[in-house]
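My questions will all concern the structure given below.
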Amino acid sequence: MSERRTEDQTPSGVEEILRVRSAEGPVERKSPGPTAWFDVRRRGTGHFAFSLNRITGLGLVFYLYLHLAVLSQLLGGEAAWNGFLETATTPLFLGLDVLLVFGLLAHGLNGLRVALIGSGFVPNRQKALFYTLMTFGAILLIYSAIHVFTAEG
Amino acid sequence: MSAEDRVASTTQETRRVRVHRFKRDDGPAHVDEHEVPVGARTTVLEALRWIQLHEDATLALRHSCFHASCGTCGVRVNGRERLACVTPLADVGGGTVTVEPIANLPVLNDLVVDMTSFVERFPEAHAIVRDSEFLPQADVPVDLGAFERFEDCIECGLCLSACPVSATDDSYVGPAALAFAQRMLEEDPGTVDRDALLDWADQDTAAWRCHAAFECTEACPSNVRPAQRIMALRKDLRRRRRDQGRAIPEVGSEDPT
Amino acid sequence: MQAPAQDPRAPTGEPNRSRTWRWTALTGVALLLLVTIHMVAHHFVVEAVGGLRTYQHVLDYIANPVIFVIESIFLVVITIHAMLGLRSVLFDFGLSDRHKQLVSKGLVGLGVVTVAYGFVLIGVLASRA
Amino acid sequence: MRRSSPHVLIIGGGGTGGALAHDLALRGMQVTLVERGEFTSGTTGRHHGLLHSGARYAVNDKESAVECIEENTLLRHIAPGSFEENDGLFVAITDEDMAYLPAFLAGCEETGIRTQVLQPDEALRLEPMLNPELKVAVRVPDATMDAMRMPLRFFATAKANGAVLLNYVDVTDLERGGGVVTGARVRDVVTGRESTIGADLVVNATGPWSEQVAHMAGVDVPIRPSPGVMLAVRGRLCNMVVNRLHASGDGDIVVPQRALSVVGTSSWVVEDPDDLGVPQDHVQRMIDEGSMLVPAVREAPFRSAWSAARPLIGSKDDADSGRELSRTFKTIDHAVDDGLEGFVTITGGKGTTLRGMAEVCADVVGRKLGVDEPCRTRETVLLPHTAVFAA
């Protein structure tokens, strides 16, 4: 056993490979996080529904605070409020109103789907439910848009 | 299609295959293109093996059984989760085919992902054999007890790759682990600590993080239907809560403070 | 009532998601109704472009006790739902347990401030009618 | 300072290499295993998953039959939960098959394989999808294994016992000096870097690639890569392994596996075990012969057809079909055969006998390295396959 080479040679090659492999840095890993919502390579309906819910949810929270801020105008009395009303009834703002309705419908109806399926109702028909609710939402959206732009005093 | 119909079709053409490449010493990931000769039933795995053999021996990929039983060859083909071994190129549309590693796991090398963190998501070392529900008319020999068979889940990771919540939140245990937990509860071989398993599932990183996208069920090549199992698991959790006589807590106690 | 054995795998310091999930769902379903009422009452029954009310209209409207109660419930429910949703989104960033707790506490604070501000607003307007 | 134990480098991460790593690690040796791809990606993972009772070889290859039934019994004990333990049937369809029955039963008796002869109605009660024309069926203790997960349990246990298992490390050459193999030149496929792994002994456990690796050391091994075609169809057409009761031939087995049924297998001989192809006529033969056993094979939806190369022991001059080559295994100490020290080849065999092959090889390795430890793999229960991924 005089030619045993264990101590001087064995570890070198193996340990070098192990060391490089266990090194933290160069492993390719797309860091998780909300960028995944916008991953266009994922084309599934379910992924779209999830992303839509996240994005509209954030939009609605933003609107909630915008809305509360705007309503502070009411505290300023009649002049302040009626001044705001003039801006709010321009076509641009009415368009934003339609966007709001879209957000509410998309988030609300998809949320209804998640709640219904997630609590044991209609467990196997999630796609049908999604399309049904979205169709319903689209009809309501069109109706609302027409109403917002045409309702006259 | 029956096996015989598959044998009958043998046209020969070529397909352009784009392959995700990543070697640690070579800087960031890139894409290599290859023109691969294909027949009517050439699979993605056969195309990748052809590239290894004829054009680039350094291409690394995982494979083992070649018939959708081991779960090692999961990749994304044109953005969708597939087992390379049972996905004919003819089935993924015309034109260029893009092959990438599955998502939501670290990529070690080209198409090879590190399955360690996938396996670590599972609640415990899990049984791979269960009772066979097939051929119910069969008269099982007395000395066998019951016909048994392997679990459907082949631990391929395609469900985790397809899950939009896993793509966003790495702490979510993901569909495969939850589906496994539900199967263990459903077909308890008598060795399951049910309470521990339900406690494990009853977390904000487990059954309640699912957002019902059902992408896992779409991706599963083995008909495990993880999303349906997660919903069934929630039902088990609700039933346990009810059995324990817990009322819906006050709003105030909801908050984590 | 006996508590189930503590699972060693369970992360510590985590609220139980089954409750937050349930409350997100319950408030969400309630909001379907409340938002509909709110939108219809504000934008679809008022005969003006955009359906917005004049200053006096708003004061009269909020002074109605039924409306006052509905709007108050709406305020609380939407704030809970929004805070739970924000929490879920923020957790998508892969936070540590400590940061998750900080986020949760911060959102409770934000929710309380939001509801308080809303009540001040409703209260002041109702008192002016 | 304590002198460290000898270091063995195993080339090849199939069932044989994994089982050998496990055995050597239990004997206290330092073990490194290198595999150029994923573990079990060569031949092991591709096989149809039959845990042989040995009955297939009971007439013509009694040595293999005895190996099989011994290992069959042992593996169920050390790898519980890794098998579909539903037994198997040998089914006679033709008069010719019936003529084979007496020799078959005698062979099983002689090799210690328990049998139970079933009349057609009894067999059809067990397995309703069998060819109703069957004349007799013999029940034997076959089983189905997960062709990847069962061998991975050896890897997992070896790793837990200190063996270093490296997948995606390709051996490019063997280091030699003064009639001794001293290690291997390797290329880490993960990084592309080359390095040398020194070893007191190198074991060539590369199955059908044995010849290629042996050539790196300048020696020859009598191995022929003999591929076979297998076919998987959707649907679990039977619960027991269904074999044709005749002398070994093509398409003579249907192995249920998960919700699939695997039909195997043909046999031919190639030069390069990497370039196999899936000959269409072989697939057709699987369909034709498989449906003789279970007619539903013909109509069942296609899942996959593939080839796997067996390492059959024989010489270049043997018959071309590969069927006549022995299915048993061989440990070659190249010091004896070729005067080359530090190099051992273990090859041949089959999935069922992986542990036994490893034991014989580890005895040779231990003797050469002066490690006087007994084999402990017969009684060591293996870790679950997932432990192979443990950090």
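So that you can tell them apart, the chains are marked A, B, C and D in the order they are listed, and the count of residues begins at 1 in each.
The working rule: contacts are C-beta pairs under 8 Å (C-beta built on N, C-alpha and C of every residue); 3 or more make two chains touch, one makes a residue touch a chain.
Small disclaimer: the values here were computed from a predicted structure and weren't measured.
For chain pairs B-C and A-C, the one joined by more C-beta pairs in contact is A-C.
For chain D, the chain whose average C-alpha position is most distant is C.
When chain centres are taken as C-alpha averages, the shortest distance to the whole-protein C-alpha average belongs to B.
Chain centres here are Cα averages; for chain B and chain C they lie 38 Å apart. Rounded to whole angstrom, the centroid-to-centroid distance between chain A and chain C, based on C-alpha atoms, equals 18 Å.
Chain centres here are Cα means. That of chain B falls 27 Å from that of chain D. Centroid to centroid, with C-alpha atoms defining each point, chain A and chain D lie 51 Å apart.
Shown for chain A are the residues that touch two or more other chains, namely 20-21, 32-34, 54, 114, 118-119.
Chain D has residues 190-191, 193 in contact with two or more other chains.
In chain B, 24-25, 108, 168-170, 238 are the positions where the chain touches two or more neighbouring chains simultaneously.
Interchain contacts (touch definition given at top) occur between A-B, A-C, A-D, B-C, B-D.
Per the touch definition, chain A reaches chain B in the complex via residues 20-21, 26-30, 32-34, 36-37, 39, 41-44, 46-47, 49-51, 53-54, 113-114, 117-120, 123-124, 126-127. Residues of chain A that touch chain D in their complex: 1, 3-10, 12-14, 16-18, 20-21. Taken in their complex, chain A has these residues touching chain C: 31-34, 54, 57-58, 60-61, 64-65, 68, 71-72, 74-75, 77-78, 81-82, 85, 88-89, 93-94, 97, 101, 104, 108, 111-112, 114-115, 118-119, 147-148, 151-153. Considering their complex, residues 1, 4-7, 9-11, 14-23, 80, 91-92, 94, 100-101, 104-105, 108 of chain C touch chain B. Chain contact summary for the complex, chain B toward chain A: residues 22, 24-25, 28-29, 76, 79-80, 103-104, 106-108, 114, 162, 164-170, 210-215, 218, 227-228, 231-232, 234-235, 238.
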